[in-house]
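Each of the next two complexes has subunit A plus one more chain, namely subunit B in the first and subunit C in the second.
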Partner chain A sequence: MKKGNGGITVRQKHSAYAKEDNIWGYLFISMAVIVFCVFTMYPIVNACIISMQKYNPIQSKWVGLDNYNGLLTDKLFFKSIRNTVVYTVLTVPVNIAISFILAILIFPFKKWMQTTFKAIYYLPAVASGVSLSVVWLWIYSSLPSGLFNQLIGIFGLESQNWLGQSKTAMFSLVLMSWLSSHGTNVIIYIAALLGIPKDHFEAAEIDSATFFQKVHYIVLPMVKPTTLFLFVTGIISSFQVFMNAYLMTAGGPDNNTTMVGLLIFNNAFKYSEFGKASAQALILAVAIAVISLLQFKFMGDEIEY
Partner chain B sequence: MKKHVNLLSLVLVMIMAATMLNGCGKEATPTVNSSAAPSSIAPEEPDTIKALLPPISNQFIERLDKVQAAFHKQYPNLTLVIEAASWNDRIEKLDTQVNAGTPPDIAFLGSELIAKYVNMGVAMNITKYATADMISDYDAAPLKYMKNGDGLYGLPAYMEIHGIGGNKEYMEAAGIDWKKIQTKGWTFEEFDAAVKKGAGVKGANSTSKYGLVFATAGTTTKNFIEIFAKNAGMPSEFNSDIKYVYTSKKFLNVLTSASKLIADGANMNATAGERWNLFLTGQTMFTGKGLATFESSAKANNAKLKAKDGSAVAGSVPVDYVVMPVPTSNGASPAYYSVVDGYVTFRGKTAPTEVHMKNVVKASYFLASGENAAQTNADLFAVNITKTARDAESKYPIEREADNLASVKYLMANAAPARPEIPSDKQAKGTKIMDEVIIPKFQALLAKEISPQTMYDAVYEAAVAAFGKDGIVKD
Partner chain C sequence: MGLYNDYNNNIKLRCLRNGLILLPLSLFAVATLFPIYFMVISSFAAPVEAGAASHLLWPTKWTLDSYIFFFNYSKYSTRWLMNSLIASTAVTFSNVVFASMTGYAFSKIRFRGNKLLFNILLCAMMIPYQVTQVPLYILIVNTFHMQNTYAALIFPSSVSVYNIFLCKQFMSSIPNEIIESAKIEGCTQLNIFYRIIMPLSKTVMAVVAITTFMSNWNTFFWPFLVTSKMEMQTIQVGLKNFSFANSTYFAPMMAGATIAAVPMFVLFFSMQKYFLEGVTVGAVKG
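Coming up: the complex of A and B.
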C-alpha cells in the first residue's frame, strides 16, 4: 500500500475525503429535508390525525373512522368523484394531444420563432387564475352580450346560459382547459423532440417515409417517456382541480360541476368540518397515488428515466 | 478553499429556507390579546384590540386611520388595530385565523354566521360586558339578531331590508301604483302581473326588455329563496316548534312562483353586476334583490350622465330607483328579509381576560354607534339603529327620496324577527341543506332541468335525513 505523508495510506486519505464530503452532502440535503418535513410531512400527519377527529379549534373530539364511514353514504362525495373523473377524462388526453400537435407544428421553426410561440402559449400559465376566470365569466355570460353568445348568435342560435345549465356547465369548464393549458406541455414536448437523434429522421427520409409515418414510427415512441410524465402529472393536477369550479360555477348547477377539490374546500372552510375534509383529502391522495402507480405499470414498462 | 465555498453555499441555502418561515412569525410587539395567556391586566393598562373589517362602505377604508386615531383619543390606553379584508375573502381569512386558534377580537360579519362560530366555540358572549347604556342605545330588533340562545355575540352596525328595485318611469308607464305598494305591500299575483307588463315598456330614453331581472348566478342564488320564502309564510327556516319548514307545501309554492316568473319573461340568470347594469341601462322594470344603497348608486350615475362624465355606466340612461317590497304569497303576512351585519366578537384557544373582553366591547360599541355608525350608514343609505347615530346623522345628510324613506320604514316595521332561540347545531344543518341541496337544485330549476316538485322532493329527503321525520313540518 502506497503511503502518503505522515504514514497515512492513500486509501485512508481518500476515505477521509469521502467522509468529509458525506458530511457536507448531508448538511446540504438537511435543509431540503427539514423544509419537506415541516411543510409536507407534518401537514400530512396532522391531516391523518384530524381526519379521525370532529375538529374544533378549542377542543377536538376523537371519533375514529366515523368521518370515513360517513363518506361511504355521502352521495355528494360520490358525485364529486364522478365529476372529477369526467373532467379528467375529457381534459388530460385532449390537452396532451393538443400540446403534442402544437409542439410538432412549432418544432420545424427557427429557434427565435420557436421561443416566440413557446412564450405565447405559456402566457396563460403566468396570468393569475382569478383574472383568467373573470375574463372567462364574461366570455360565458348568459346575456346576449356575452362573447360566446354573440358568436353563436351569428349562426342564428339562441343565447345559452353556459355556466347555469347542466348540459353546458361541465363542457364550459373543459373548454376553458382545452384553450388555455398548453404552455408547460408544449415546452416539455419541444425539449423531448430536440432530444430525438437526427439520424433517425435521415434514415426515414432514405426510406421515403411520409410525415405521418415519421411521427408514428419515430417521434411517438421516442417521446413516450415525456408523454407518460405528462399523463401522470396531468391526472394529478386535474384530480385536484378547484379554482375554475369555485370561481365560475361554485359547483353548480345541481352539483354537476362540484369537484372533489371544491367539496373538500367547502367542507373545510364553509362548514368547518375539517375532520370530514381531511378524510376526503386523504382518500383523494390515495386514489391519485394508485392511479399513478397503475399508469407507470401499464404505460411505463419499457420506459427508463 | 473548498470548505469555505461549501460553508458559504450552506449559509445561503439556510437563508433561503428561513425565508419560507417568514409568514410564521408572531407579532413584533407583545400585546395582551385574546390569544395571550390569561394574565390579569389592570383596567387602565395598555391593551390592543384587533378587528378584521371589509370595506363596509366605499369611503370606510379611507377613514380607517382616522377611526383608529379617534378610538385611541377616546381611550388613551387602548389601541385598535384594523386588518382590512375584501368582501370576497374576509370569511376565509377569518376562518383561517379561527382554526389556527388566534382569531381577531372583532370581525365584521352577517348575523346569520354567528351560529356557526357559536357552534365552534369561538364566538365570545359579551352579555355581561356590554353596559346597560350600550344596550339601551340600540333598537331592539337589530340587537336581537346578534344573539344566539341567551348570549349576545356582538353589536349590530346596520339593518338592511332586501326588497325589489323598481324603475319609476316604467312603472308609471305600465300603470302600476308604486306609491301605494311601497307602504302597503302587494301579493305575488299582483307582482307577477306587473312583471308581465314590464317587458316592452317605452320610456323617454329606452325600452325595457325584461319585466324583472333577478340575480341568481353564483353566490346570489339563495337570495330569491330567502326573500320570497320569508314572505310566503316561512319567516324562518324553523317554526316556533323548531321544526324545519322548507318541507312545507308553502315552499313548493315558492318554487312554482320562480318557474312562473321565468315563464312570464323574467331573467333569473344574471349575476349581481349584470342585474345592476341592466337596470341602469333601462332594460328592466324591476331588479332583484334591491338594496337601499342602490338609490345612491342610481343617483350618482344620473349625475354623471347629466355632467356628460365618461365614467357613467356605458349605455346607461337616467333612472329613478324606487324601493319596492317583496310580494307576499300563500296569504301570509309580510316578513321582509333582514340582513343585520355587525361587529361579532371572538375568543381564541386561550380565554381572554375580563378586562380585555370589556375593552373589546368598548371597541365594538365605538365602531357600531355614534358618529362612526352615522357616517358609515350614510354612505350605505342605511337607516341608523342606535340613538347616538341618529343624533349624529344630521352631520352626514343624504339626499333620499321621501317615498323611498317611507318604504324603508314600512319594510323595517315588518321585518322578519330574529330567532336566537334556534339551536346553533340545527342552524348549521339548515345551512348545509341550503348550500348542498337547495341552492344546487334551484340552479337546475332555473335552468328548467328539473321541476319544482322534483326540487321539493329532494329538499324533503335531505331534511328528513338531517332532522328526522319528527323534526320537519308536514302539511
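Coming up: the complex of A and C.
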C-alpha cells in the first residue's frame, strides 16, 4: 500500500507540473527569452542566411555556397588562420604555465599576502583594452626614446620598429599577452590547489618526496581538470582575439598580424562584404566547437567530475 | 605538512625560502603593473609633441595640463564619460534584475521545458560573437534605425546568458525547504523571489553587477559600430578617436587612457572582494 502511494507521488512529480508554477516560470524567464531570441537567436539564424547571400540592404542576392567556395581560394583567409594558430600556440600554453607557477608560488603565504598578489595580477584586467593598447603602442614606439628600445639599448641592441616590421610584430603582440592579466587563472588555480586533500602530501612526505616530485606526481594530476578548463576557454578566446591586432597593428605589416577576428571585422565593416564575413564567422564557430570537443575527448579521459 | 616543506618549524629556513619565492613573484608583479604605472605617471607630464617629450619613469615636472588638453580636444569629452556611465548603469541594472529572476526560475521553479530552454541558452553561449555581430548590426542599424541612441548601446546586452548561468549555479544551492515552507505559508513566487531569494543571493548579485558594469564600461567594439556621432560615443570610442587624431601628443593620450581606466580602478579597490570572488562563483569545480 505504502509502496503504491510512493509510486504515485513520484509519477506525479515527473508528469504533472503545478499549473501555477508553469505560469510563474514563464513569467520569470520571459524578459530573458525575448532578449535572447531577438539579439542572439535571430542573428544566429540570420548569419546562416546572410552567409549564402551577396548582401545588399535593399535586395540581397542568393548565391548559395559561393561565399564558402570563395574561401577555399582566399589566401588571406588561410594566412589569418595561420596567424591565429601561431598566436594561440604562443600565448595560451605559456599563459597557463605562468598562471600555474604563480599560483604555486603564492600558495605558501598567508591569506592577506595571497589576496594582495591576486589583486595585483588581476589589475590589468580591470583597465580598459583601449587604454592598455594606447600605453603599449608607446612602449613599442619605434623611436629610440621608446621604452622597449631603451630597454634593449642597455644590452647594446639596435632600436627596432617593433610593431611595424614583419619579424617582430607578432612577437610584440604575444609578449603583451604574456604580461597581461593572469589574475583570473591564478585565482582558479589556487582554488584548485586548496581542493587537494592534505593526506596526499603527507603520504608523499613519508616517502620523502621532493618538492618537484610532489608537484609532478600529485599537483599536476589533481589540477588536470582545471588545466583543461583553462585550455578550452583560453583557446576559445584566443581564436576570437580582435582588439589588440586592430588597435595596435591594424593587422599589418603585410597582414602578418591579421587574425581571423580582425579579418571578419574588416570584411564586414570595412569592405561591407557581409556574406563573406558571415561565412568566415560560421567557419570560425565550427572550428571552435571541433577543437573544444577534441580537447575534451583527448585530455578528458581521466577526469572525474 | 602540505605542498611545501615546513622544515620542522625552523623559522629561519622558512623565512629564507619565503624570501626566495617572493623575489620572482614581485618581479612579475612589477612587470604586470608597469604599463599601468607608466600610463598614470606619464599623464602628468606637459602636453608637448612626442619629439620633444622624453619618456621618463618619473616626470621632472608635475602638471595637469595634459588632462586639460584632453578635455579641450572635443566639447563632448565629458559627454563620453556620461554616456559610458549611463549605458553601463542601465545594462548593469537590467542584468541584475532579469538574470537573477531567470536564474531563479531555472534553478527552483518546475515548469515545462525548463531544462531544454536552459540547455539552448548554454549552447548559444559557445557561439563566438563574430557570428552574431553582422546580423546584429544590420538589425539595429538597418531595421530598427537605432544607431546613435542609448537603446542601441543598452538593449543587445540587457541580459547576458553568462549572468543567468552564474545566478542559476548560485541559487541551486539554496535549500528547497525554505521555498516550500514559504509556499505553504501562502507566499506567491514573486514574494518568494523578492523576500527570500534576493536577500540570500546578495553575493552573486553583487558579482553580476560588478562584472557587468566593468565589461560594459570597457567595451569598445559594439559602441564603436553603432555610434557615429561624437555626442553619442562612449569614453572608450572617444579615446580611440582622440589617440588616432593626436598620435604625436604623448602625455595627453596617457591622460585620456588614465581617465578611461581610473573609474574601474576605484571600483576594483573598493569592491576587490567581489571581483576576486566572482572568478570562482561560476567556475567548474575540480
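Here, the second predicted complex is superposed on the first by the 263 of 305 C-alpha atoms of A that agree within 3 Å, B and C clash if a C-alpha of one lies under 4 Å from a C-alpha of the other, contacts with A are read in each partner's own complex, and residues count from 1 in each chain.
In this text, a residue touches a chain if its C-beta (ideal position, glycine included) is under 8 Å from a C-beta of that chain, and two chains touch if they have at least 3 such contacts.
Computed from a predicted model, the values in this text were never measured in an experiment.
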| task | Using the touch definition from the top, say if A:Ala250 reaches subunit B (first), subunit C (second), both or neither. | result | first
| query | Which partner does A:Met31 reach: the first (subunit B), the second (subunit C), both, or neither? | reply | both
| query | So, A:Leu143: does it touch subunit B (first), subunit C (second), both, or neither? | reply | both
| said: Per the contact definition in the header, classify A:Pro43: touching subunit B only (first), subunit C only (second), both, or neither. | reply: second
| Once the shared chain is lined up, is A:Met170 touching subunit B (first), subunit C (second), both, or neither of them? | neither
| said: Quick check on the superposed pair: does A:Ser278 touch subunit B, subunit C, both, or neither? Answer first, second, both or neither. | reply: second
| task | State whether A:Glu205 touches subunit B only (first), subunit C only (second), both chains, or neither. | result | second
| task | May I ask you to name which of subunit B and subunit C touches more residues of subunit A? | result | C
| request: Quick one: classify A:Lys270 as touching subunit B (first), subunit C (second), both or neither. | output: first
| said: Once chain A of both complexes is superposed, is A:Leu262 in touch with subunit B (first), subunit C (second), both, or neither? | reply: neither
| query | Is there a shared patch on subunit A that both subunit B and subunit C touch, and which residues make it up? | reply | 24, 28, 31-32, 35, 39, 57, 137, 141, 143, 269, 274
| message | Touching residues of subunit A toward subunit C in the complex: what are they? | response | 17-18, 20-22, 24-26, 28-29, 31-33, 35-36, 38-44, 46-47, 50, 57, 98, 102, 104-109, 115, 117-124, 126-132, 134-139, 141, 143, 145-147, 150, 179-184, 187-188, 191-193, 195-196, 198, 201-202, 205, 211, 214-215, 218-219, 223, 225-226, 229, 236, 239-240, 242-243, 247, 260-261, 264-265, 268-269, 274, 277-278, 280-282, 284-285, 288-289, 292, 303, 305
| query | What residues on subunit C touch subunit A, complex-wise? | reply | 1-5, 17-18, 21, 24-25, 28-29, 31-36, 38-39, 42, 50, 54-55, 98-99, 101-102, 104-106, 109-112, 114, 117, 121, 124, 126-139, 142, 155-156, 158-159, 161, 164, 188-190, 193, 214, 217-218, 220-221, 225, 236, 239-240, 243, 250, 253-254, 256-258, 260-261, 264-265, 267-268, 272, 275-276, 279-280, 283-286
| subunit B partner contacts - residues on subunit A that touch it in the complex | 24, 27-28, 31-32, 34-35, 39, 55-59, 76, 137, 141-143, 161, 163-166, 250-255, 258, 266, 269-272, 274
| said: For a test of understanding, state which residues of subunit B touch subunit A in their complex under the given definition. | reply: 6, 9-10, 13-14, 16-17, 20, 91-92, 95, 98-101, 116, 119-122, 217-219, 221, 269-271, 274, 278, 348-349, 428, 431-432, 435-436, 439-441, 443-444, 446-447, 449-450
